[in-house]
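Shared between the two complexes below is chain A, which pairs with chain B and chain C, respectively.
Let's turn to the complex of A and B:
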């Protein structure tokens, strides 16, 4: 059976942002030792360092709102590339910040983990 | 020798946008039959269809300006994931449009081709 990569990408992304926005201490389950994260100018490797970084971000409340989500198969092995653009609502700020994020998802048994993750805020020029 | 993926990503991206902005009919050399492009809501596969789409875009003059460029190794085989955010200046418009783009670059001999390409304009919410 071929993987429906669009459905997978949507389900994974919704799960990821829901987890991020409700309890980001649990995000470590979605990364492995070989996983890499670029978060703005910081580059990290490994689930432990990645989740420490995400937990340490200086806000209490956060909400991700997806504007666009596009997926493509990344190899014949079933890994999937996802690019998301959207808005980030932080604490009690009224104005959302635009962001772009890429996930490179790797199959593992019947599930997937985040192999590559690149996150950037989009500042106006 | 391990590939310096950051240098590769920068050189490739600068070459790509320079080629796009000066003569995008030549971009087909950077794609293969298995390459995929998502351009806004259109999904295409194969160098021929991809370059036809890029050439058909309804502007005469275009300029890409890179704001952020981040790269990560995408496998032990040397493929590289690149996420770019930046501004697009089209024809004689004064206001740039924000864009996000992902390239998944595959090694081929001593060079690289674009295996996956996802492009989106970032509209304000």
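Let's turn to the complex of A and C:
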């Protein structure tokens, strides 16, 4: 495989959460019209709706702390499945929420976009 | 156990086979005034010649007599009166049309040979010991390797044109086969073969069987005794891999047939995934249920779902939950898992990353065996599991993510901390100190997240990817007790700001307390009318779904079966179409609970909808 999916997964994850935590209004570039976000029980399609949803989340300050990251090639077409677990630190709350998230990344030219994004809170402190 | 080869040990059967080899096919015309059985009885009485395996073909009754002599005698009875008609007998050579005489003779010979070796009762084609068959030897067929390699495929081609040959079992024993190249075409001719005997050959390499991988989708029994390959330690695993439905190998039961049946009963109506929303939800639940069942009882049986390209990896989230998390494991140990964990935030060595990604059945099976034996409680405690399924249209497959917990019930078959494993390099080494200390190997309850990519493969399904994250046990957020709330309130709660801090969207009014909620359908229109419907324990409490005033009112028994997505869809449709409750429900149901399809269907058939259907 020309693209090392491990490196891709790591770089993507780092970029995504960094962007999310600093300015999540800019995440739209990572999604396309056909992209889907499944956020707990809500489903949204399209970059615009997805970003709207993410921006509307009821917190100001947010930080993601990654505990695990694993990735596998999802098909011979070069798409990659990334599974993450970690802590979500919201505002000044001391006890983090624990989340898991799956990204299905699709190649597009020389870069990738998020085809599917499934976010799930596993438990809250 | 119903073995297709139980007869091979039976002398009577061998005698019968010998008799079949010399029998001759005959046809009878002019019998139509009575039944086939009457005719056979009459011929037997009158001529003392028995016609066996008879069947009606067009205007003829076709069957077999014991030998050429009987056939010749029968011809002499031409014109004998039966039920008011003169009977006409003929010997059928099943001659192929056209061709030169030599080819034509060969075709005739091969065809008659096939019928000679075929037993319609047992649906068995006995192609054992071909090189010693007198007919074939006399005619120089199968005398050398080169003629054999031509004749066998030719014979299979002929067989495929004979609809009478209903073959469930093939015996290819005693043919000196070194591989299956010569006979590989049986997979094309008899794709539904159930029993195959390759005993007493010289097959020595798995590789030579690879041409049959995924070909025999119904092969249930395989006999390979007295082949060098059977002594290979990987023999059983490889056979399980090559033949996904194999149940009996060399007279030994190797798979649980009932479980296998369940596993493969996943409806894979691929086209419907985008329209028939029930399919994906139901098949995902079925898949997960069956998968976990086998995972807990006999993991090797899952190998039929993996291919040589399939991948499996685990990662360990060893961070201890906050002490304020109810029922959480505050002292977790992961010594069984850590040497296997592929957590990319911890593993830096490229070599380790590669090693810990199991690819192909052999590696996956080994990794499965290195994980503690477990028990999931999906049936008993469905509220502790959460499932998301979404379609993956690029490969016509789907992806399932499951969250939940399992109980470790026994240590793994293979302890990754012991033995020759020097591969657990990288930074995980430091977690492994004292791994022989029993207290670190205690069995406990774990939480997990697991994601599967499932793709169709020649009528079955294959798990292309399998990602498994193991975490210290903690009660899942999706089981938090909820106040009954309306659908509309749900919508605002999820998008609203600040009203439920700091737990964000954790509070899911209207969807708890059922646990195995179908969540993540990513295509519009794939909203699932409730995985919970498949499980009596997961019914919604009616109170959760009481529609706000002014919304669509359905009978309580219908209402009780709806999930929030369906309720929402009904309300939307109701407002848009002005149809009454009954017709709105019908429209939604017929559309597969897809809003776009429903509206389209509504617009197309608007003129045919009766007036009373509207409010």
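As a working rule, the second predicted complex is superposed on the first by the 122 of 125 C-alpha atoms of A that agree within 3 Å, B and C clash if a C-alpha of one lies under 4 Å from a C-alpha of the other, contacts with A are read in each partner's own complex, and residues count from 1 in each chain.
Just so we're on the same page, a residue touches a chain if its C-beta (ideal position, glycine included) is under 8 Å from a C-beta of that chain, and two chains touch if they have at least 3 such contacts.
Small disclaimer: the values here were computed from a predicted structure and weren't measured.
J.: Should A:19 be classified as contacting the first partner (chain B), the second (chain C), both, or neither?
T.: In the superposed model, A:19 contacts neither chain B nor chain C.
J.: Determine, for the superposed model, which of the two partners chain B and chain C contacts more residues of chain A.
T.: Comparing chain B with chain C, the partner touching more chain A residues is C.
J.: Under the stated touch criterion, which partner chain does A:10 make contact with: chain B (first), chain C (second), both, or neither?
T.: second
J.: Quick one: classify A:57 as touching chain B (first), chain C (second), both or neither.
T.: The answer is second: A:57 touches chain C but not chain B.
J.: With the two structures laid over each other on chain A, which partner does A:104 touch: chain B (first), chain C (second), both, or neither?
T.: A:104 sits against chain B and chain C alike.
J.: Under the stated touch criterion, which partner chain does A:85 make contact with: chain B (first), chain C (second), both, or neither?
T.: Both: A:85 reaches chain B and chain C.
J.: Looking at the overlay, does A:123 come into contact with chain B only (first), chain C only (second), both, or neither?
T.: both
J.: So chain A touches chain B in one structure and chain C in the other; where do those two contact lists coincide?
T.: 36, 38, 43, 67-68, 70, 72-75, 81, 83, 85, 87, 96, 98, 100, 102, 104, 116, 118, 120, 122-125
J.: In the complex of these two chains, what residues of chain C are touching chain A?
T.: That would be residues 309, 311, 313-319, 321-322, 324-325, 328, 341-345, 350, 353, 357, 386, 388, 390, 392, 394-395, 399, 401, 403, 447, 449, 451, 453, 455, 464-465, 467, 469, 471, 474-477, 490, 494-506, 508, 511, 517, 519-524, 527, 564 of chain C.
J.: Residues of chain A touching chain C in their complex?
T.: 6, 9-10, 36, 38-43, 45, 53, 56-59, 66-77, 79, 81, 83, 85, 87-88, 90-91, 93, 95-98, 100, 102, 104, 106, 116, 118, 120-125
J.: Can you tell me which positions in chain B touch chain A when the two form their complex?
T.: Chain B residues touching chain A: 36, 38, 43, 65, 67-68, 70, 72-75, 81, 83, 85, 87, 96, 98, 100, 102, 104, 115-116, 118, 120, 122-125.
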